[in-house]
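Alright, structures below, take your time with them.
After this come two complexes, each holding subunit A, first together with subunit B and then together with subunit C.
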Partner chain A sequence: MQCIDLDSHLRQTSPFRFVDEVSFSETDGLIRSVRLYMGDEEFFVGHFPGDPVVPGVILVESMAQSCRAWLNSQLGAKAEGFIASIDRAKFIKPVRPGDVVIIESKPLNEISELNEGGSRFCRFSCVSKCGDENVAKASLTLFQSN
Partner chain B sequence: MSILRKDIFDFIVNNIFLDRLELADEGFTAGDFQEDTQILNDDGLGLDSVDVLDLLVGVEKKFGFKPVEIDSNYIEETCDTIATVIDMVQSRLPKAA
Partner chain C sequence: MSSHAFMTEYESDSYIDGLAQAVPFRFVDRVVSISNNQIVTELNAGGLPFKFTQEAHADTYVLLEYAAQSSGMLLRDKKEKQRGVIASFKKVERFVYEPVSFPIRLESELVEQRHPMYTFDFQTFSNNELIVRGTTSIYIGG
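Right, the complex of A and B next:
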């Protein structure tokens, strides 16, 4: 299991970092990340008052950051890029303060060296779980500019 | 146009351009497309990179291709016209024994 140094490979910082740990398993080819929603995050104040739920867009952003951290670790650089597309996003169960979300992401295409081919799209299939239950799924495409 | 080439053309036009990319909502019909229709150029369809990504991924899924890295060079080479996309598909289809 390869643990990824987030400060070295992820441009997002607090208060917009939504992964706590990211690792990659050569055995099953999956990127795994962990996020504990403490309950003191700013978005809970309005989403919703008296009924805090992690917004779906934050769950997707967490998936994207997990994939981006791994992608940049493969490239060996904190490469610039952004989400190009989000496909078939599903939000299955609400995520609440105190929940620990595990994201499993599978890279769908090979990644070549940083200085080949110019800008590129990198595709991932992501599942977020709390315990044994799926809470969200999405297919993501990240765009990376050289 | 061979039958197989026409099948690929029809899929690209009907399933991808008119349906998934919603060009039908912009007034396009199947008759507006030919093999030499330009995809990227503003004189043609002028599709953006994310629309082109949709096209290439749609083709991959339809024909069962393994996902490849889609970079700017790959897009320029394969998505100049509908004909170049068809050429790419035919080159990746299994050859008859």
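Right, the complex of A and C next:
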């Protein structure tokens, strides 16, 4: 299990960082990240007043940050980029303050494709879970800036 | 868009005030026009740090939330005091890989309705350039 140094490989910092830890297992080829939603995140004030729920788009962003941290670690970079496409993102159960979200992401491209400079896009399949329950799924593609 | 209605500022504010999302997670600044199944809105740069955009550029997730909140306004008369929540996004594509300038304009069309699920095709533009397009489904009752 390889722990990824987020300060070295992720440009987003608090309050825009939505992953606490990211690691990569060569054994199963999965990127795993952890995020505890404390309840003091600013977005809870507005989403929704008196009934805080983690916005679905924040769950997507946390998946993207998890994948971005791994991608940068593989390339020895701290590059920015964009979510280039989302084939499908599905939100299954609400995530609330106090919930710990585990994200499992599988890279679908060979990293050598990026190293060789042939492509600046990398596809991932991601699942977010609270305990044993899936709370969100997404298939997304990241664009890697220089 | 035969019943298309252009909004006064007052009418626009009344639609925005009807959103379940509140500041700092409210991403619509103006409703430009609305019909039974189409809406055009604007997102401006004012107060950006409070809108969770980073370094004054609109991250994709901001544009997705903007699309969902705008689309949800077409459901105002169908919600019956219930809340609309995002069920899914599909076929989302971003066409510009650099920071975009404001204001951003969004066009959304209701393309399928099977209560309580409603599906919209949306497109966002900056300076008339297509930034993101995709499909979102909103579930009423969340």
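Assume the second predicted complex is superposed on the first by the 141 of 146 C-alpha atoms of A that agree within 3 Å, B and C clash if a C-alpha of one lies under 4 Å from a C-alpha of the other, contacts with A are read in each partner's own complex, and residues count from 1 in each chain.
What we mean here is this: a residue touches a chain if its C-beta (ideal position, glycine included) is under 8 Å from a C-beta of that chain, and two chains touch if they have at least 3 such contacts.
Everything numeric in this text was worked out from a predicted model, so none of it was measured.
> Does the subunit A-based superposition show subunit B and subunit C clashing or fitting?
Taken together on subunit A, subunit C would fit alongside subunit B, as the superposition shows.
> Can A:Asp40 be said to touch subunit B (first), subunit C (second), both, or neither?
neither
> Thinking of the overlay built on chain A, is A:Glu26 touched by subunit B (first), by subunit C (second), by both, or by neither?
neither
> Name the contact category of A:Asn109: first (subunit B only), second (subunit C only), both, or neither.
After superposing on A, A:Asn109 lies in contact with subunit B but is clear of subunit C.
> For A:Phe143, decide between first (touching subunit B), second (touching subunit C), both and neither.
both
> Which chain, subunit B or subunit C, ends up touching more residues of subunit A in the combined arrangement?
If we count touched residues of subunit A for both partners, the winner is C.
> Which angle, in steps of 10°, is spanned at subunit A by subunit B and subunit C when each chain is reduced to its C-alpha centre?
Result: 70 degrees at the vertex subunit A.
> Just to be sure I read the superposition right, which of the two partners does A:Arg123 touch: subunit B = first, subunit C = second, or both, or neither?
first
> Applying the touch criterion given at the start, work out whether A:Asp7 contacts subunit B, subunit C, both or neither, answering first, second, both or neither.
Neither: A:Asp7 stays clear of subunit B and subunit C.
> Looking at the overlay, what does A:Lys90 touch: subunit B (first), subunit C (second), both, or neither?
second
> So if I take every C-alpha atom in subunit B and every one in subunit C after superposing, what is the smallest distance between them in Å?
After superposing on chain A, subunit B and subunit C come no closer than 5 Å at C-alpha.
> Which subunit A residues come up in both lists, the one for subunit B and the one for subunit C?
On subunit A, the overlap between the subunit B and subunit C contacts is residues 84-85, 143.
> Which stretch or stretches of subunit B touch subunit A in the complex?
Touch list, subunit B to subunit A: 49-50, 53-54, 57, 67-74.
> In their shared complex, at which residues does subunit C touch subunit A?
Those in contact with subunit A are residues 20-26, 50, 52, 54, 59-62, 64-65, 68, 83, 85-94, 97, 134, 142.
> In the complex, go through subunit A and note every residue touching subunit C.
So the residues of subunit A in touch with subunit C come to 12, 16, 42-43, 45-49, 53, 55-58, 60-61, 64, 81-91, 94, 143, 145.
> Which of the residues in subunit A come into contact with subunit B in the complex?
Residue list for subunit A touching subunit B: 84-85, 108-112, 116-123, 141, 143.
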